[in-house]
Each structure stands twice: as structure tokens, then as C-alpha cells.
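For clarity, chains are labelled A, B, C and D in written order, and residue numbers in each chain start from 1.
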Amino acid sequence: MYKFLNTVLIGITSGAIYSLMALALVLVWRSTRVVNFAQAGQALLSTYIGYEVIQNFHSFWLALAIAMVAGAAVAALIDAIFMRTLFKRAAEGPIAGVAPIIATLGLLGLIRALLGLVVGGKEASIRPPVSNIGFTISGHTLAFSPLKLLIVASVLFLMLVLSLIFQHTNVGLALRASAYAPEIARLAGVKVDGIRTLGWALAGAAGAAAGMLQTPDGNGALSPDSLEFSLLLVFGFIAAVIGGLESLVGAVLGGLLLGLVLAFVLIYISGSLVFITAFVLLIIVLLVKPGGLIGSRRGRRA
Amino acid sequence: MVRDEDVVHKFRQSNFGRLSFFVGFGIFLFLLSNRVDELRVYQGATLAMYVVAIASLILLTGYSGQVSLGHGALLAIGGYSAALARNHLSAPVWITFLIAVLVTAMAGAVLGTAAARLSGPYLAGTTLALAVGLPSIANQFGFLGGEQGLLFDVGFPPASLGEDFTQYKWYFWIASLAALISIWWLQNILRSRYGRSWRALRGNEVAAELAGIHAGKSKTLAFTISSGLAGLAGALLAMTISTVSPSAFPLSLSFALLTGAILSGVTTLSGVMIGALTLVATPEIAAAISNRFSTSENVTTNLPGLLVSALLILVVLLVPNGPVEQMRTVRNRKRAITR
Amino acid sequence: MTLVVTDLTVDHGAIRAINNISFRVEEGQLAAVIGANGAGKTTLLRTLSGLTHATGGSASWHGTELLYSKPEKLVRRGVSHVSEGKSVIPELTVKENLHLGALWRKNSDEAHATQEMILDTFPRLRDRLDQQADILSGGERQMLAIGRALMSKPSLLLLDEPSLGLAPLLVAQIFQSIRALTSQMGLTVVLVEQNAMSALKIADMGIVLNRGRIAASDSSVHLIANPQVRAAYLGY
Amino acid sequence: MIGINRRRLLVASAVLATSGLAISTVPAQAFSPRSEVGVTAKTIKLGVTIPMTGAASPGYNKLPSAMKAYFDYVNANGGVKGRKITLVVKDDQYVPTLAVAKTNELILKDKVFALLAPLGTANVKAVAASVNPGRRGVPTLFVNTGYSGFANKKAYPTTFTLLPSYIVEAKIIAQYLKENFADKKIGLLYQDDDFGDDALAGFKEAGLNFAVKVPYASGSQGLSGVPATWIQKLSTGGAEVVVLFGVSSATGAALGTAAVMKYAPKWILGSVGGDATTIKALGVPAGVLYNATGASFVPATTDTTDEYIKLFQTINAKYNNNAVFDNNVLVGMNTAFLTVQAIAAAGANPTRKALIAAIEKKGASFASAALTPLMYSATSHVGYSGYWFGTYGPTGDLKPNGGTYSVYTTDSGTGAVVKSTYKRPAMPANGLPAN
């Protein structure tokens, strides 16, 4: 009974973390049709900035806010400097579909190498802002703590706020139009370049939140070579693809599904099946629904 | 359009010339291998491996418009099939390479059938998950040798080659021959009906389908051939390190190959050497730079990554279609002006 | 308020799409641009709305230089472009598509009034206001596309092939609406059409493009009467 | 000059190899009577490939600078028989392809005298098969992995292992568990690859049964949610004593997550993942380690009553930018310390062959910080072979149980686990081996 309950709770919490990264990836995909692999590097960079804030001002919440703002700023810069130029130079031809992916992979390497140059070899870690000791029900400790509650709540909050922005505001309409049909959006008067940058900035902030929340939920240590951030990127991306890439709700559902399936397989079948399970789940979802759980009909062919 | 006709025209004129170019280049490599030291010969073998792997990616990405972030996984399939064939069937070396090609091509056909239904980011995600997931299978089945992997020994060079013929020179010969044959064969494929249909698909999928090209079949075929080449590259990689193990095919290998393909220019096979050369040379250049200017450990360890990443970004931004394509465009423009 | 195009040249890579053309469209007039496929009609519109960059020449509207500017800026100066092939966004609802055209407008009451006027003209859109645009029929999409362009309160409307793929009856209907709207709103219109006869019938003037050059330019009545034009473009 | 000699050497090795002689200890002096590759009148050049970047690098990337620090200390005090030692470090990112490429550079371009402390089973195996230092006669000293296979002198004629093998460690831990927790339910967390397989073999040999065994895929410990599944399985399995036989990041993740789930069995930490400083650097609070049991073959890093620890800490302060003094630094310096002794023992004009012979002949009597004997001999290339057990204090310091180091030793085969009577040789004056 408690084993089952804890498995569900472990699945939901880890799924929530994947979802945060998936949200960031979906935001960029929706606004510019780019799968942003640099997201992991940006999240790492933002988290380092958050770490510096904690060192100086001793407030996690201030650090979270500043990390998110910094993450947004870095993302906006990346879009304005790199991606805009890229889209102008490689708008057509066989490279058009691949170039953005490659460019973001290059950025990921660049950010990591620069971080390694600056902070390599130095120890850094972030303590949880709220207790990470599990709740207790009639003598049984659950795999669910105030920190994990905070994480799940943050994911749901971000998803709701972002969905509201996208569906019910003028900016949201401009964001969607720019993603689906940039030319028509421009003809309608939308300043598409700026709007895309805004999409990147939102994603940068979401990625920063993912980094700031995942780090203390793990053991808290930060490193430019962080295995945690690489895995976060890969699993966040798999979650986003499962979710269909188009939809924020899909990203969260994809993350939760991935988290739950992994938790059940690892606990009930074998602990060593992590990577194979993720691959098989992705294949099954895509075979049944090639556009992901909530993919638009056009998204598949885009 | 003009360019393609131009090339086809040239090709028809000099099919024999092309073959003699490859033979000549082979002889040049043969002579070169007797002139350079053992380290360069070893690096040459690695280079040849990269040439095959990058060519495979160029075919997939540049010609059929599909993205693979998990090419390392295909190399792993090739490497393991070659090693298993060698260890269990005691197959002759060239047979093991053939087996690597066939097995990986078959895996690629299965994968390609699924891949043809997926596009852009969905395919990217699937191949990425494959690259992450596949190597850990080695630890699930004992016959795959676990983390330490399997030995893959192509054997000593034939005694007839002389006493001072080193092992690495032998690897270099095998790898170069494999690379030359692959590239020659690939060029012929690209000039065939299939090559034309891939180019048509790359240009405009809808138009190509209207013209009677079956997009799904055509893409699956590209994936299959690309996989076969990747399998060959995997076997060559296994040969150069005489083993196969999960950690020999990390995600960073897949990314490095993609980097190599972009640096080569994904639209033209002829730039394939550029990418391979960059991959082999960058760490050495970085080491030389950091030795000269700095003793800081942070600089030494991070400089290669920094250089490759910066180069990749610059190429994508400045010459997105690759240096060769860029030179050709400039040349065509000049020619147009002089006309 | 006159659209003045002078010595306009546009290159697509090595191909010269528009070759040194000049023409004028007076305020409130509806100009039809006709010509064969590849004559440069669409390129002309794309250049005027800022989507394509010109190689040389000039084009001014209401004192504003149209060339070398961005479409999102030109919309704010009153230039609206309905691009070729039902320029609506299928993922958005009908209402959102319309709303998109007025996002930049500060005065939402005015925008609302414009929307009401458009819905009065195309009542079929009113019924589908909250539905996704991808379920609309071809004619409805064209209405929506024109409606979206009008939401930007343009003074110069650039229309690219509104009749493309529509049934003849529908074409007549759409063209009548275009004529009515332009008179009602005092618009100046450049209408690019393959369907030359229908276009010239509602137009005040016509421009015939041939391989990037102006083959003929006159009032539509004269063009229809011109035997060469009739033979080459009107099919009788 | 050197180039030609080396070439001839390689020719000779190839000939020997092709004619079926497995072991090639080519008499290098025959071709080069004055100086061996990598050795000049003033210098000796050594090389190491190690993960300096990438996911596997944290911890291990501290080894080269620690080795360099000790060499610098020796160089500052006159070097080894007047020769100064330089160490060329190459980053292999824990990838066999790179390990082979970099080792080739070390041997063929940098022309090092010997290879030091390579890491990673797959890497060492690939290097052995492809570069084949054995056939080239290049010594590979003090392999930094517990895989038992590398001690096979026939297959790896020029390779010497250093760490006790995982099998040895598992057998000794099993003995400890049988003595102290015979009536408890025991759980095991292990890495699902050769590292874990060796451990399982050792536990099996010792006849230890586990109530719960939890495997994890290498690398998956960094994925959010994965460590929680381990703890869930260990706690539902009712394990009262848990052996953590994984890498540091896995130990850290397991301990941190167990604290979240208020699961507090008796923890037994394997040596690979048991360094308190590394675990703390991973962000795990020291308190989590309190009262856990750990195994080690070197003295506790905080034990300043130990003459080696005292000296190494001084060297660390002066030559290693005062880096955090953890097990990696200690093992790195100790490796360098052994290397210096080996070179000194190889004679006035050290050759590769003489170096190997010197370790085989005198290696067992080398001074070393470790509390367990070195097993080098003409027939064995096995290094250390034992462990002592200790308990982590409230600040994460490992203190020997009962106040004194009591060391158990065994072999990788069927040998029994015995209490060692080994007396560590006194440290040479100032930690500088006699020249």
C-alpha cells in the first residue's frame, strides 16, 4: 500500500522536475520552432547566478527571482544575437531544419566550457529553502516533502500562468501567431522578432526555475560538468516530445507520464532499466500518436 | 538547378576519371602512410572512421532532410556486430565489416520505417533517446561484455607486408580503403535515381510526391543506407581501439559527428574531410594553444570544448551550408559576372 | 494619397522578378494587376508590403517610402497585405485571427467597431467566431483573411489572388464584397489576379505584367477593350 | 636519435609479437645504451590520461594536480637522482576512444617514460588492446581501478594495479558483516555493470546473502527520482544494514534521499563511493554520514597524527593551491610517492625494463601511506589487498573502529579473509625516498 503510494509520489515529483524543463523546451519550440538544447546550459548558468545571490544575500527566494530574471535575459540575448542571425542566414535549404538544433548544441558546449573556465573546480551547493523531510502519515514517512510539494506546485503554477498568458492575452495571441505563421503575423502588424525573443525569455525563466528547484532536491551540488543537468535536458526533452511539443499541458502530462512509468518500472521491475524504459516509452507513444499526446495536426509536419 | 545539371554532365563525361581519382588518392594515402610517424597513421585511421560516419550523417541530414542526434547508437550496433562476428564466428576481418554494415542497415531499416513517420524534433527526440538508451543494454546481456565491453582484434598485418609494418598502419590501410570505397559508392548512389529523389524531397516534399516520388520509402531507404555506413564506421572505431564498450559510444560522440557534418557542410559530400579533420585536429590545436599561453588547469581542460563549440556556432551562423557549398556559390557568382 | 511606384526592380537570387517598372494608383482606386504565372505579380505585392526586399527604385504611399521597410511597420502606416493562399492561421480561432490584425491598435473600441463592420459584411464568419479556422471552407477562409487585413484599418489594401481555388459563384461574391468594402472604407486597393476578367470588371484601372515588365497599363474599361490584352490575358 | 631508436624498438616488438611471443620485455638498452625514451640527464617524463571534464570527472580530476604537487615537492628537493619529474596530463573524458588516442599521443608524441594511474575499466582495457603498452614495453603503473583482471601478468605484462580489487573489498565487507550483523537483514545497492558484478562475485565467494539487492544503471543516479526508488525498495525490503557499493554520486544520492524518507539503516560504504569529502562536495550534509561505517586502505584524511597525512597536507598547502584534502588528493600523492620510489629503485639510468623489474623485486617493500601491504612480486602485479573499517563522526570524518586501524586482507580468488599483521615501513625522512 505505502509502496504503491510512494511509487506514485516519486513518479509525480520527478515527473514535475522533467516537466519544468519540458515547459521551457516547449516555450521555445512554440515561439521559434527551435528545439533548444542550450536550455540545459542556460539553466545551469542561471542556477550558478542564483547560487551567487544566495552566497551574498542568504535568501533562496530572492535568488530564485534573480535567477529567473537572469535566465530570461540570457535567453533573450541568445535569441537576439544568435538565433535571429541564424534564421536570416539559414532560413531555407536543407540546413534550415537542422541548423537551429546544431546552433543550440554549440551554445550548450560554449556555455559549459565558459562555466568550466570560470567556476571549474570550485565547490558550490544550494540548500533547500523549505524542509526536504518527508511527510509522515500514521508512522509511515512518505516520499513527499514540503520541498517536493513546492516543486509540484511551481510546475502547476507555471503551467497555469503560462497557459493563461498564451490563451487569453494579446501577448499570448501574438506569441502563438508568430510561432504558427510568422509571415502572416508580421503582415498583421506583430513585431515577430521581439515576440520570439519574449518566448525565449519566458523559457529562460522556466529553465532557471527548473535548475533552482532541482538542485536542492538532489544533493544540492553544482558543477559545470553536472550530470544532473544533462539528464534533466534529455529527460525534459523526451517528456516534451511525449507531450507533443505544442502544448504546455502536454509538456506537464508528458513529464508526469515519464516520471510515473520510470518510478513503477524501477521499483517493481528492475533498478537498472532507466534509459531503456525512457526510450521504449517514447517509441510507444510516438508509434501510437506520432504527434505526441497533445500535438497539433500541423505540428507533426512542421 | 544549373549546378546539378552541370555536375551530372561532368560526371557522365568523366566516370572513369572519377574512379581514377579515387584510385590515385588511395595510392597517395598508401605512399603517405610510409612517410609519416605512427601517431599520424593512427590519427589517419581515426580520420577515415570519421569520414565514413560523417558521410553517413550527411546522406541522412543533407540529402534526405532527417535529423539524427543518436548516430553514436548506430555506430555501437556496427561495432558490436563486428566484434561478435569476429569473436564467435571467427569471421575474416572483411566479413566482420560486411556483417557490421548489414546488421546496422537492418536495424536502420526498422528505425527508418518509424523515423519516416516522424519529423524534425520528434525524430531528433527519438534518436537522442536511442543514443542514451542503447549503450546501457550492454549491461543487461552477458554476451555483450558489460561495461568493459568486448575485444575486437582484426589481427596482425600480413607478414608479407614486411617487418616494420606497424599495427596502426594496418588499421590505417583498412580504414582508408573502407572510407574510399564507401565514399565512391555513396557518390554513385547520390548520382542515381535514388539520389535524385532525395534531392527532390529535400527541395520540396510535396512537389516531389506529386512528381511520383514515394517520400516514406525514399526516406526509409536513406535511413537504411546511412545506418549501414554508420555500422561500418562503428566497426572501424572498434578496430582502432581494439574493443567495443558502452562508454565508447557516448552522447558526446553523436554530437561530435553532427558537428563534423555541419563543419563539412551537410549539402555536399565533398567537404567530408573538413569535418573529420577538424574533429581529429581540434584537441591537438587546443593543447598547443593552452601549452603556449596558459598553465591554468581550467583553461587546459575547457579549451577544446570551447574551440569546437565556437567553431560550430560560427559555421552555422556564417556559412550554414558549409564551406564547400559556400565556395561553390562564390565561384558561381564570379562566373556569372564574368559571363 | 497616391501610390507611386518608380523604377522598381526586384531580384530573386539570379532571377530578375521585377524589371524597372513604374506606375501610379490614385487614392480610392482599385487597381488590378494581371499577367501570366511568374510575371512578377506576387513579388510586386510582397515588395510593396515589405516582405521582399527590392533591388532598386522607390514606392511611396501617402508620403511613406514602402521599400526597405518592415511589414509590421508598414501595417501601422496603413498598408495591409493579404498574402497568397488564404492567409489565415488555422490553429487560431476565427475571432483570434481577426483580433490579430488589430493587436497593435491602441483603441480597442475602434477595433471592435471595425470587427462589427467586417462581420456585417461576412455574416458567415459571425456564426463561426469561436471555432478554429482550420474547419472553415475555402471561401470563408478568404473572407477571414480579408477581414483580418481590414482589422488593421488600412488605407492601402494589397490583395493576392483572393479567387484562388474558389468556385466561380463564390468568386463573384467575394469580388462584390471587395468592391463594396473598398468604396465603403475609402480604400485604395492593389488586386493581383489570375482571374483577369473578374478582376478588371471591378477594378478602376489595370496593369498587365509580363516577365517582370509592364506590358500595358490603362483604365480597366480600355484594357478590356484592348484586343491584344483580350487575346493574351482574357482568353477571348 | 630517439625517433630512430623507438622505431627500431617497435619493429622488434612487432616481430616478437607476430612470432607468438606473448611477453615482450625488449631489452631497450641494447638499442639505446645511454638513455631510455622519456629520460634525459635532467628529466623524466611521465604521462596520465584521466577524465578531466565530463560527467565522470568530478573527484578524479583532482588526482593529476595532487600527483604533480608531490612531484614538484620532490623536484624542489633535488629530484630523483638529479632528474626532475614532469607529468603530462591528458583528458580522456572517460571515453575509451579518447583514452586510446591520448595514450597514443603520450607514447608516440610526448614520448613519456611510463604511464601513470589510468582510470576506468573499459578505458584501460581498450588501451591495453589497441595501444598495447605491454608489447611496446611501456610500464603502466598503479592502475586506478579495482577491476581484478588487470593484475593478470600474462595479459598485461607491464601493468601494475594499485587499489585492492572490488572482489577483495566485497569479501572483506562480507566478513565484517558476518562478524557484526549476522542476525540482521542486509541490503545492497550496486552499479549494474562490471564494477557491481565484481562485487557480487566477491560477496558470493564469501557466502553472504542479501535480503534486498538494488542495481542501478551507471549514470542514472543523477536523474531526479531515481535515488528515491532505491530507498523505497531498500525500506520495503526491510533492510536494517545497507551496503552502498557504488560511485560517490550514488552514495551521496542514496544518503540524501534516505534522509528525506527518514530511512535510517546502518550504512556500510564501499571505498569507491565512501570518501566523506567527495560526498560532502556533492552537497550531502556531513550529519547524514554520522555513524555510518566506511572502509579504506589509507589512513583517514583528517588523521594528522599520521606522518604521511601530515606531510601530504603540508605539500598540499604549498604545491597544490591548498586544495580540499580528500581521498583523491591523498591517493594521488601516494601514487606519486610510490612512483618516485620505483624510479629511484630502477637505477642510475632508469629504463622501462629496469623500472618493471624494480617494482617486481622491491615493490613489496616500498614505503607507502597505505595501511595494507603491497603484493608486488615477480609473479604478481597486484597492489594493495586490504581494508580497515571505521565509523564516520558527526563532521563526516572517518575514525577507525576501536581507535586503531585493524586491517583485513585477502585475495581476489578463494583465499580466506585474514587479519593483517602488516607493519607499515617508516616514512623516509621528509617523505623523500633515498636516492
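Here is the rule we use: a residue touches a chain if its C-beta (ideal position, glycine included) is under 8 Å from a C-beta of that chain, and two chains touch if they have at least 3 such contacts.
Please read these numbers as outputs of a predicted model, since none were measured by experiment.
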item	value
Chain of greatest Cα-centre distance to chain A	C
Euclidean distance of C-alpha centroids - chain C vs chain D, Å	77
Chain B and chain C, separation of their C-alpha mean positions in angstrom	50
Whole-Å separation of chain centres (CA-atom averages), chain A against chain D	38
Separation of mean Cα positions, chain B and chain A [Å, integer]	32
Chain D: positions in contact with at least two other chains	53-54, 61, 192, 217, 219
Overlap residues in chain C, where contacts from two or more other chains coincide	none
Shared-contact residues (touching 2 or more other chains) in chain A	116, 121, 230, 272, 274-275
Chain contact graph, described as a line, ring, star, complete graph or other shape	other
Chains that touch, pairwise	A-B, A-C, A-D, B-D
Residues of chain A touching chain D in the complex	2-3, 6-7, 10-11, 13-15, 17-18, 116, 121, 123, 125-126, 132-134, 136, 141-143, 145, 214, 217-221, 223, 225-228, 230-232, 235, 259, 262-263, 266-267, 270-275
Chain A-facing residues of chain C, complex	49, 51, 70-72, 75-76, 80-83, 87-92, 96, 99-101, 103-104, 134, 148-149, 151-152
Chain B-facing residues of chain D, complex	3, 7, 10-11, 14-15, 17-18, 52-54, 61, 64-65, 89, 91, 93-97, 100-101, 104-105, 108-109, 120-123, 125-126, 129-130, 132, 147, 149, 192-195, 197, 217-219
Chain A residues within the chain C interface of the complex	170, 173-174, 176-177, 180-181, 183-192, 296-298
Complex interface listing, chain B residues touching chain A	61-63, 65, 67, 69, 114, 117-122, 124-126, 128-130, 132-134, 136-137, 139-140, 202, 251, 255, 258-259, 262, 266-267, 297-299, 301-303, 305-306, 308-310, 312-313, 316-318, 320-321
